[in-house]
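So that you can tell them apart, the chains are marked A, B and C in the order they are listed, and the count of residues begins at 1 in each.
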Amino acid sequence: MNILLLWFHKLGSPPTFYRLAGLLLPWCYGIGLVLGLVALYGGLVLAPRDYQQGDAYRIIFVHVPTAWMSLFAYAFMAANAFIALVWHIKLSEILAIASAPIGAAFTLIALVTGALWGKPMWGTWWTWDARLTSELVLLFLYLGVIGLNAAIEDRRQAARAAGFLALVGIVNLPIVHFSVNWWNTLHQGSTVRLMGPSKIDAAMVWPLLLMALATHIWFFGSVLMRARIALLQLEGGKDWVRRVALDEGAGND
Amino acid sequence: MTPGSTPAACAALLRRDLTLVWRRRGDAFNPLLFALIVVALFPLALGPEPEQLRRIAAGIVFVALLLAGLLALDTLFRSDYEDGSLEQLVLSPHPLSLLLACKIGVHWLTTALPLIVLAPLLGELLHLPGEVRGVLVVALLLATPLLSLIGAVCVALTVGMHRSGMLLALLVLPLYVPILIFGAGACNAAQAGLPSLAPLLWLAAALVLALVLAPLACAAALRISIS
Amino acid sequence: MPVFDETHARPALLEARALAFARNDEPIFGPLDFTLSAGEVVLMEGDNGAGKTTLLRVLSGLLAPTSGEIRLHGEPLTLARLSPQVVLLSHQGGLKLELTALENLRFAAGLVGQRKGMSPPSALTAVGLDGYGDVPVRQLSAGQKKRVALARVLLAPVALWLLDEPYANLDRSGIELVNRLLERHAHDGGAALITSHGAYAYTSGAPRRIALHDAQRAAMTLPTGAMA
């Protein structure tokens, strides 16, 4: 237990994290990119055509993993916000705030690909489908966190306030989802269920799961990248940042 | 030295806030006027056909009241923050969440309750069927305290900012989605001749939860943003 | 375990150790060490921007210090332990302009209680505002508003006063009034920490002075033996 705490403490110290994140970063981006490309090849080339939707369904290899990521990133953000608020750990504040724009980007991609998919399927770019509506509310929640963080001068206070909002949001998110589902059944009608009970080919499954893995790894790479930059900004006056600046400046010469 | 008791502190706060509202009673009409104007805009935009208006009346009234409540939210802590009395509340030896609950209560009583009284009239302007009127009022009685409580948490987060209006809307409105869905949904269900009890009960359950949790969250948020 | 101040053989009312505050990595004040014992008035002097107001907010528990610690009666300070013992006079004053002076004081008394033998009207008399009780604060002058705010401080049943610029806006008799109130409070076993940017001096008595010069190097000009 003590060793674990010590390990956390050491990992949480900004210089250690900065160095470690710098080591992990290329691997995250590299592996994420390679896995993503393999998954895309599997999804766009190897997987068979859907007997109902033709080739149009292939957008799920982007749409579904990003939609999962939009939720995962929010959960990651809220978990870090919780740690930051309860134990006042600076690194968790940074990680929470760093994951907000990335999660928002995944949400946006999920919404746009959903709309692109909707055009051939439903004949319209947008339909007030329960999932799409929930996803839209999720995007607003992300934007609220980002906006609140940007509006407060003091960086740490901003992170705490935005993190608090993220926590309020995660309490609200299941309620939103539930209420939107209820609303959707009340106003049922034109919507088509996207992921019906139709049997799904194994050749479709592995690219989907691989893509989900790739987006996770890419997400962590992006979070580490943003967190590193935020750390440098937050701790600009500290000695270790000066050393980093000197080292990296020397390396570039 | 005689420290005050918590009930006395709550009573003092209630009396002060009610007195303040009374001294600025002209301001109390603003949300009412706003809701009235917003409702009046819809027939102008959509045309005066009673059939069409009747279909969407409940939803419009709900949205108009929600927006009026949103505008009124800004006043919840603003003057207390500016004149420094919010610090006194935080530094008082009583549970901050309880004091904030009193403030939210007064705010609801003086901004939301008049809007609820106005709601049947607004419904009449949009030809809302008479049998829906009761459901609308009940739904509003359950929904508006929820709006005030959840809104207060977001106001607490933005209290130190100079111009927080747009940001506050961005923070609050996504959180209002379920309340709007169940509140307006109950009215729509009643209008369609369907049972409307279930969404009302969901609202009531959420209200009970929010009554307990929102003041605590509000106090925590205020402590963050006052620092 | 409480740490005892050697000179008094009991823990100081308030003790700061290596107390520092920074915003966005820019130091606002500190590191700062000082003690404040019962029966003492400490004057915190510093130019504009030296961090006096921030220091008071940190000491009142509204802001968490970036580093260092504050001890209250020898134990770590928390808002819950501090709040029954402290009153903060910030530069906003904490008065409602729409309410009368008496209504403001009655609210304050309801919120935190009132000192034994004192009531809102008698507090108003003590600050020289007899007869102004029913005047809305909006109609009072800046100096009179300050006096109402001081009446609120006087009324609070607490030992520790944290006063931010109590002399600001006051005329000569007002400054003397503040000094008189501080002396009596110290005499009754209370303690006060007041800030000033130096234009108004604490004339009577011999308060300890702490100079809050520069955020990087806050020096203490403290005649250690003088207050024993």
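Convention: contacts are C-beta pairs under 8 Å (C-beta built on N, C-alpha and C of every residue); 3 or more make two chains touch, one makes a residue touch a chain.
Worth saying up front: this structure is predicted, and the values here are computed from it rather than measured.
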Remotest chain, chain B as reference, centres from CA atoms: C
Innermost chain, where centres are averages of C-alpha coordinates: B
Separation of chain B from chain C, taking each centre as the mean of its C-alpha atoms, in whole Å: 38
Distance from the mean Cα position of chain C to that of chain A, given in whole angstrom: 48
Inter-chain centre distance, chain A versus chain B - centres from mean C-alpha coordinates, in Å: 33
Residues of chain C engaged with two or more neighbouring chains: none
Residue list for chain B, restricted to those that touch at least two other chains: 227
For the chain C and chain A complex, residues of the former touching the latter: 23-26
Interfacial residue positions of chain B with respect to chain A in the complex: 153-154, 157-158, 160-161, 164, 167, 170-171, 173-175, 177-178, 181-182, 185, 188-189, 199, 202, 206, 217, 220-221, 224-225, 227
Residue numbers on chain A that touch chain B, as the complex places them: 85, 137, 140-141, 143-144, 147-148, 151-152, 157, 160-161, 164-165, 168-169, 172, 175-176, 178-180, 182-183, 186
Contacting residues of chain A [partner chain C, same complex]: 153-156, 234-238
Residues on chain C engaged by chain B in the complex (per definition of touch): 60-64, 79, 82-84, 86-88, 90-99, 103, 106-116, 157-158
